[in-house]
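Residue numbering begins at 1 within each chain, and the chains themselves are lettered A, B, C and D in the order written.
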Amino acid sequence: MTIRVTVWNENIHERENGIVAGIYPEGIHGTIAAALNAEGDIEADCATLQEPEHGLSVERLARTDVLFWWGHAAHAEVEDAIAGRVCEAVWSGMGIVFLHSAHFSKPFKRLMGAPCNLSWREAGERERLWVTSLNHPIARGIDRYFELEQEEMYGEPFGVPESLETVFTSWFQGGEVFRSGLTYKRGAGNIFYFRPGHETYPSYHDANVRMVLRNAARWAYNPAARVADPVSAPNVPVERAPETIEHRGPRLHAPGQKGFV
Amino acid sequence: MTIRVTVWNENIHERENGIVAGIYPEGIHGTIAAALNAEGDIEADCATLQEPEHGLSVERLARTDVLFWWGHAAHAEVEDAIAGRVCEAVWSGMGIVFLHSAHFSKPFKRLMGAPCNLSWREAGERERLWVTSLNHPIARGIDRYFELEQEEMYGEPFGVPESLETVFTSWFQGGEVFRSGLTYKRGAGNIFYFRPGHETYPSYHDANVRMVLRNAARWAYNPAARVADPVSAPNVPVERAPETIEHRGPRLHAPGQKGFV
Amino acid sequence: MTIRVTVWNENIHERENGIVAGIYPEGIHGTIAAALNAEGDIEADCATLQEPEHGLSVERLARTDVLFWWGHAAHAEVEDAIAGRVCEAVWSGMGIVFLHSAHFSKPFKRLMGAPCNLSWREAGERERLWVTSLNHPIARGIDRYFELEQEEMYGEPFGVPESLETVFTSWFQGGEVFRSGLTYKRGAGNIFYFRPGHETYPSYHDANVRMVLRNAARWAYNPAARVADPVSAPNVPVERAPETIEHRGPRLHAPGQKGFV
Amino acid sequence: MTIRVTVWNENIHERENGIVAGIYPEGIHGTIAAALNAEGDIEADCATLQEPEHGLSVERLARTDVLFWWGHAAHAEVEDAIAGRVCEAVWSGMGIVFLHSAHFSKPFKRLMGAPCNLSWREAGERERLWVTSLNHPIARGIDRYFELEQEEMYGEPFGVPESLETVFTSWFQGGEVFRSGLTYKRGAGNIFYFRPGHETYPSYHDANVRMVLRNAARWAYNPAARVADPVSAPNVPVERAPETIEHRGPRLHAPGQKGFV
């Protein structure tokens, strides 16, 4: 059973900045997809902002088990309708993994319902990610921690809801900490936020990061059939109530009338 | 120390439907405000959809400790900018209590990041709300359960994130259950969802419901000063890092440059 | 990859009560094991209170991926040392599923740290279990709810900690509700509590219950290697700190001394 | 309304170690009690291991709103019955605050149901505690972080259940992180774990630590009346069911018989 992943990237820095292009000649998305494809149980391909519908047509999302999202400079260019479509796909059961600066992407902010802000510093400092949920499937293969010699700093307070589980917590050389691996569920969809991946450092070439990406795809994948209409609020008329009851008292809705909800 | 509450209501059914007008001659908002004002520690007044800015100016929200929200037929008429303003006030520390059909209001859906859907039936059936968090301050004064002889049914699955605490769970005569008292936190703001209050039944005249409303206001109130800018993502330059570090490696942002985040 | 399950049962009622013997001629454990063995990916066998070490030797637990626990009349007869051994196995990564009256078993009470009490009634009333976490793997194959025509009632408040996820919530004919499917994690071990299974009713012959049992085994299984010593608190001496530091100030412990922790 | 606090201390290091006696001439408990008594709304006194019943008689716990617990060298000397009595008091609604090495105390381990282990180093290194729950009442008065120039290191993974809220997360000079302020609820009781306070450093003289101690007492305090019997599992006979039902089918318990639960 293969997990079908779409790696989405705004694909800006790679084309406009020589440093980033040098680190990621195939794009950040290309590097991530290669990491995901390395062990055969995941089949990843890519979509970018510049494609029609940002590469995220209804059909594409319907056949995506898990979506990875990388964005930074062009969050505002993502069309609202596409961001909404992504959220509905999540609610219907698609897994999603948000990477690094995607904390400020439209889909992440909408799914969190929170400011999603943080403090930051681009100084090439050391980051050490500690496992804070023992033997969590997303941390599989990591012992107690792993290090990235150069990364951007993200600092607390991180403006997100309490997660279901805090899988990683980061230590930074400059003195900050950050909850850097967080699980959520919205509707039927599993969500993972994973902090590393600033575009000027080779984090997605790091073996531990690549292992976590694969773990995250497997964790976020829900094999159940998608929920057909994840926003419907069905009326259950009296005659179809699980228990026999009779209508009593006043009513606002005429029988058979569509609700306001 | 008085808790300043604003009770917001779309104020539609009371003006257009005789049954509702008969139950709530001073409006649902008026009845709720009276319940809140009953013990002197809360000072509640009202705002409605029809007022300029729906009665929710920046200044009004700034001096509101806890906002109560009732809406049903006119969710779509709430301006997006006002809904966003309410969310930012919550993130900055304003408490908020969503009542009954407000599960589909714009602010609730935005703060949850989830479909917020449910099943429903307007049959005047019995609801029994069980306390599922022992001695929770919002359940203060309720023993093990309380009953509403006639209410609209809301049934699971309720499309919301896992709450911090499940304070009440409802039993319905027709066979359904519902998580009917749920706590959340988004940014610095405390959020409570409370299920009862269909417009054609006198639920907000019920003594237990009124007690829960007061408890909820006290629980949601955060006396800390509001967060000045709840969405800012401040840069922490190298020279102001808590620990002494030096800049290393490539950088995307020129020193002093505003980030994309 | 086969999941190795041990189904533990106190095995009292089946031998002492004709009604229970009639429903479960092979024991409650035998019926549960057969349900688990039905699809080939799980290999379940049994252990009972009456065996040496209650059938739960160190070796047996070491080769058990997921332990199921049914007990009712003889909680007190479980040796403290064996209950402690089960908890340590969970902390090291063994999954565990507690069934029905196991809410008052020694391992469950120890793992919850809470009273685990509830109200109850043996009246053969109808129970309807609603899915309260959409598409959760433990609810796989259940649509919105399933029914058991006769069950014992368990009522809220249920004295357990807030769960990670509430998978099922029960409606009872007599008017109560109950959180009847709850997930937890303690140490590296996944824990599921599942309510149905009073000994005088044929609940473990019910097709939906049997499906949930299999789902629960798959969910609770953690393929990671067991944590070798799940209670150790290792000292990290200065010379092995991840960052270079020097010792400063007074110290209670002489270098190399074992800590009190 | 005064909050009545009992500060419990094993009271060993202060009497046996000159360094600790120099820092805490009135005992760690005396210093903590003074911090709590500083603003008039809290009335704290002390109890120690050496007193009869460790100073924790049934009556003493009954009139304690919030118990603070400091222990390190003598966890094993706390009588099991007293530890159990403390847990029952928590379940009935007493608040409790566990400090530093109390992570390995009997009451904490019992209330968590988890190994509660961690890694540690006594090197006098810098600790920086970051607020990870914005405007949380326990962090009231702390901006984004505060520092302790010399503390013992505690490192992740910390073997505790996922908390309701993570209020503080610590950065350590030697490279580790730790979730150092965690909230829980067990039964009706609020629980807070707060990391700082190694006996060879003057942490309980620190103004920020003292403020957090007061905040924690106020947060943990539940004004509701104690639950009379926090472990009872009452039978609800058919004739007292909230809904009218009739007994059906076989039964194990004779009418009026005490349950096994």
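Note that contacts are C-beta pairs under 8 Å (C-beta built on N, C-alpha and C of every residue); 3 or more make two chains touch, one makes a residue touch a chain.
From a predicted model like this one, the values you see are computed outputs, not experimental measurements.
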Any chance you could name the chains that touch subunit A and subunit B both?
C, D
Farthest chain from subunit A, going by the mean of C-alpha atoms per chain?
D
Could you please state the distance in Å, as a whole number, between where the Cα atoms of subunit C are centred and where those of subunit D are centred?
26
How many angstrom lie between the CA centroids of subunit A and subunit C, rounded to a whole number?
31
What's the distance between the Cα centroids of subunit A and subunit D, rounded to whole Å?
36
Shared-contact residues (touching 2 or more other chains) in subunit C:
128, 133-134, 155, 159, 162, 164-165, 171, 173, 175-176, 185, 187, 242-243
Subunit C partner, complex, touching residues on subunit D are 13, 17, 19-20, 72-73, 75, 87, 91, 101, 103-104, 110-115, 117-125, 150, 153, 155, 159, 161-162, 164, 173-176, 184-187, 198-201, 230-238, 241-243, 245-253, 259-261
Would you mind writing out the residues of subunit D in touch with subunit B in their complex?
93, 128, 133-135, 137, 140, 145, 147, 164-165, 171, 173, 185, 187-188, 222-224, 227, 242-243
Subunit B - residues contacting subunit C, complex
128, 130-134, 144, 155-159, 162, 164-166, 169-172, 175-177, 179
